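A short worksheet on the structure shown next.
Labels run A, B, C and D following the written order; every chain starts at residue 1.
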Amino acid sequence: MSKTNTTRVAVLGATGYVGGQVLAILANHPYVTVTTATTVRYAGQTLGDVFPALAPLADLGLTTLDAEAVCRDADVVLSALPHGHSARVLGEIADKGTTVIDLSADYRFSDPAAYQAAYGQEHPRPELAEGAVYGLVEHHREAVSGANLIGVPGCYPTATLLALLPLVKAGWVDASLGAVVDAKSGISGAGREAKTANLFCEVDGGTRAYNVGIHRHQQEMAFQARALGGAECPVFFTPQVVPMTRGILASVYVHTPEGVGVDANALHAEFARTYADARFGTVLPLGSFPDTKNVAGTNRFAIGVAAHPETRKLVVLCAIDNLIKGAAGQGVQCLNALLGLPEETALPMMGGVV
Amino acid sequence: MSKTNTTRVAVLGATGYVGGQVLAILANHPYVTVTTATTVRYAGQTLGDVFPALAPLADLGLTTLDAEAVCRDADVVLSALPHGHSARVLGEIADKGTTVIDLSADYRFSDPAAYQAAYGQEHPRPELAEGAVYGLVEHHREAVSGANLIGVPGCYPTATLLALLPLVKAGWVDASLGAVVDAKSGISGAGREAKTANLFCEVDGGTRAYNVGIHRHQQEMAFQARALGGAECPVFFTPQVVPMTRGILASVYVHTPEGVGVDANALHAEFARTYADARFGTVLPLGSFPDTKNVAGTNRFAIGVAAHPETRKLVVLCAIDNLIKGAAGQGVQCLNALLGLPEETALPMMGGVV
Amino acid sequence: MSKTNTTRVAVLGATGYVGGQVLAILANHPYVTVTTATTVRYAGQTLGDVFPALAPLADLGLTTLDAEAVCRDADVVLSALPHGHSARVLGEIADKGTTVIDLSADYRFSDPAAYQAAYGQEHPRPELAEGAVYGLVEHHREAVSGANLIGVPGCYPTATLLALLPLVKAGWVDASLGAVVDAKSGISGAGREAKTANLFCEVDGGTRAYNVGIHRHQQEMAFQARALGGAECPVFFTPQVVPMTRGILASVYVHTPEGVGVDANALHAEFARTYADARFGTVLPLGSFPDTKNVAGTNRFAIGVAAHPETRKLVVLCAIDNLIKGAAGQGVQCLNALLGLPEETALPMMGGVV
Amino acid sequence: MSKTNTTRVAVLGATGYVGGQVLAILANHPYVTVTTATTVRYAGQTLGDVFPALAPLADLGLTTLDAEAVCRDADVVLSALPHGHSARVLGEIADKGTTVIDLSADYRFSDPAAYQAAYGQEHPRPELAEGAVYGLVEHHREAVSGANLIGVPGCYPTATLLALLPLVKAGWVDASLGAVVDAKSGISGAGREAKTANLFCEVDGGTRAYNVGIHRHQQEMAFQARALGGAECPVFFTPQVVPMTRGILASVYVHTPEGVGVDANALHAEFARTYADARFGTVLPLGSFPDTKNVAGTNRFAIGVAAHPETRKLVVLCAIDNLIKGAAGQGVQCLNALLGLPEETALPMMGGVV
């Protein structure tokens, strides 16, 4: 895995689904060398023991996390450590001057009070949180390019904000009525920990809702709608698990304010304009709607829109691969922005025929 | 299949998923004898040729539809013929005095103009449509019990109306803002016809939206919200296919009018009260939400609720088995009401451990 | 759950998939009252907390296992306790004169040495093991009917022996070459314990082999081929997991001895004759082969056969639902035999249309 | 899609699963330019209309097949046309001097009589069939490198022969007893044609056997065992469909001749030696067995072995992705061999974390 003239990257939490996905993507990166891959459970083993499918990386050694060594051996850290745990460890690494791209929730809120409200614990490094940059490149490119500490969006917020932010920015959301987000996710979003509820038998053949109105991503959505979109937009969020491995389809419904037309053509034009240069985005023709299958395995997102004048409602649907555009791929997209590389470097663009 | 002192039933369109499901249920019915099972494609064969899993019915003979013979041999017709085709054939049968339970869309609109608006064709028997009864027993029991011609609700409208009608009846829906219905369905709702889009490879691993804002069930929902709920409630409907065979999970979002509290406890109490005597309904405790897996294979429905005061929104989620409570089972529930039998006669109540 | 004039049954290990399936079946049993349902993890809760889908049994209380109380309150014990643990507990219960139907492996070998060879531990109650009866009713009905202690066959051995025993009995197996059993199982066979390897994401989209040639069911197959079939038949067994919840399809290949014709018609005739009166068995026409989907949810088994004269090979394929015919249903089938009831009492015969 | 100094390739039958997969792979090929992509049903449309997931190829135009134009514009033809149809069209193209890589069955048998026996029709171009080369690069590299007309192995034969050929070559197969091949395939092997039996609802939740002992791949296996392995080896083949999209797991059982030891270590060593230099192959350690999930999305194959001295049996299991190593990828592997390129050029090696 040695390449010349490359950025040295450490991947923390490399043996979860997100961490493994980061490694799989970086294996194709011409300007990155992975110097460290950490794990709690599999230290001393190789990646081949954990993810046999990642055959070309089978011999990559796994170590326990040693912040000192990480900072010595890496220019950038891509972390898939669990939230709560991340804030302190990554703060320590950031203190030493190593750039941090955090895939957990710990640096997604530039307001520590908002973090505490969502995650129920005081932020241990509030001054760092305040300076962190939210890594949604499509809507925050310049800030990401110059950041030292990036909080990569959560999977549900990614799909949601790609749909919601253009509406907020266009002034098409009546803030007193806010937005409804109804999202369906594959179960890989729940991670690799052994839980009865996530066994094949428990997931196969069923669709279930959970944490309706209280999922912590709800607060991330509203926080960033305001932060990046520039206007208040309270969000009511219903997450659901569907029997598939990868993918999120989010339906984002808003009410337009009085005086704003409810016009599908204008809505479509606005999204087409917004994402005209988005390397990963597809705005589908009016009358077509996204299928997560068409973006699975890629860093792409697909958007479809519709309007309902009778109730002054707009809906924007956005499909992503939760592990790639919703996590690992977006982290690498941030890395590319940081390094001034073409945005799609190493990122998968081609889905499968089936 | 002969039983004494029973009602003679003909099942039309017996070789689709819904028709087959009707036969499977009626096989356990102590007061019904199936005298006729019709088909277009498999006439002259037996049910065992079409549905090997329905082993106890393997020898049931399949015939082409002959209205004359049907009326001679049956007291009640349960029809799973396709819509458009149904109106005329079933009208002819109804004319002869045979009771009709129609699982297609053709007799779901008591206003022929509303039917025409939704289905794009003039109703061939408007006078019959006007007298037909909508077969949502939980909200229309008395009318169903005395009906001659029943239009059984569609699968999406069933899940939706079980969630929406109590809200409408309670005056908790701001009609100017209406309702959002975001529903996820297993692919059996698309029927048994060979279509590329419904192949295993095309459905497996993906969630997709289709016909957003233009699905014909949207009009059925709004029509019946007014007809059964007694108030206007325009509906914006997003149907989605998820990679499973059976089940629908519908999320129904409404905005409460000014002056109505947005209170989860009151919301829960209202649903608990409404369905206290519903033989098939479960209202989950606050904080619990439905999983289609828990009602799959049964005629049951499960409801969960949540409220979001910040945006004056309520959500009610309802899970059903689309082929049973959303079609065949509901048809038999209507039959039981017609016959004055205990509502659950022959209807499956017990789901699977997995 | 009280019925008059019924047999009182205790279900041990009621909160695993097999135990829950036993309860679901017994709920429909007209001559059985479940008096006790035991659990390790969920004591003090109700079945509704564990299996929400089993709605009619939601209020059934769960207790810890107390052998004294079990024997006082039950005439028959149906046990889904794990093997190893079962032998001693059930031995104690049997000592008190309560009839035991054991779904674990502990009483499947009437030779304690064979048990030890397969399970790597000395049998704690060898004298009981020697007197226990193997509960494969189709091939051992009389013994089962009079048994006090029944070892119900494992899931793989059930599918295998239904295919293999008629071949062994007919003298159609060359013992020096034995049998190959290549079986595919849904993942519910692995139980409800939380294991990473059984998560949806790990099972979805893949077929995997495991324990080839060393699975303990291999020894059970060979032991019972000799015990019930009356001839030596060493077995080489390859188990595989396929991405589905329920079902086993076993392919059983044998070599015919010199002098025996290799004739598909004779083979088919032999199976048709053997299972002519089998209430749960279907022998498919020549040229048709089993689909587990057609027996899922039932206690049925389906058999297909083919012959290959060029290599003197026969194959018999058998499909079952692993949780029903391969476990819980077969246990109830044994109970019915014990009680002298019609064999299919309470046992599901009708699969689903999809 | 224009690259300089590249080989011009035409892909015939580009809108089936295999043809689409060929295009997806070639999009990453640095030395190939696709000049033509033909279709029957979608002529005049673009690939984006057919496979939205192949986003980078969305604008690729689809045309009807015109052999003249194909030969003018392409140096090599990769054909995914259906068998029967292929022989004549590709023969015409080969006549004009264009190199042909045929993914259908039509040029897999160098003996036209064997083709006729398997496919029930006279070969229209027997002289071409006799000179065609079987494209299993791992066992036929030299011949493939110099071929003008290549018959790429079928999906089942690929998995089977990778397991069987080393056994045949080592003299470890008793020809009088032959081999049993029991294989499990994802349903993409059935292609994209709309058939009721391949609908999601019909495949989901079930494993089914079909064409046992009469599948045409059985003859291809035996033919090539002799042709490439150098010894007679009749094969008895059981194909099965499991509910997944991609992947084949084949179990290949043989009987060793008298005098050959039945020794797992020797067996393992032989496979390790055979595939030591195979760029795509992994021979798993003794005691580990393949999972199709670990090779899905790649051109790799994984092999596991076991021995059973008691019955003188060996088993070798091989897992592949049926659409890649079993079809499209193997075709490109042949192309790379023809062009003298590194074997893995453009071919996917990295599977998914889930």
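Annotations
In the analysis below, a residue touches a chain if its C-beta (ideal position, glycine included) is under 8 Å from a C-beta of that chain, and two chains touch if they have at least 3 such contacts.
What you are looking at is a predicted structure, and each value in this text was computed from that prediction instead of being measured.
Using the contact threshold fixed earlier, the set of chains in contact with both subunit A and subunit B is C, D.
Considering every other chain in turn, the ones in contact with both subunit A and subunit D prove to be B, C. Shared numbers divided by all numbers used gives the overlap of an interface; between subunit C and subunit D this overlap exceeds half, so the copies present the same residues.
Greatest Cα centroid separation from subunit C: this falls to A. Compared on C-beta pairs in contact, B-D and B-C come out with B-C as the pair having more.
Subunit B and subunit D have Cα centroids separated by 46 Å.
Per-chain CA centroids place subunit C at a distance of 38 Å from subunit D. In terms of their C-alpha centroids, the spacing between subunit B and subunit C amounts to 37 Å.
Counting partner chains per residue, subunit C shows two or more touched chains at residues 17, 188, 201-202, 204-205, 243-246, 291, 293-294, 296, 354.
Residue ranges on subunit C touching subunit A, taken from their complex, read 17, 187-188, 192-196, 198-205, 243-245. The part of subunit C that touches subunit B in the complex is made up of residues 17, 20-21, 24, 27-28, 51-57, 188, 204-205, 245-246, 282, 291, 293-298, 300, 323, 349-354. By the touch criterion given at the top, residues 176-180, 182, 184, 201-202, 204-210, 212-213, 234-236, 238, 240, 242-247, 249, 251, 253, 255, 289-294, 296, 304, 306-308, 310-313, 315, 317, 319, 354 of subunit A touch subunit B in their complex.
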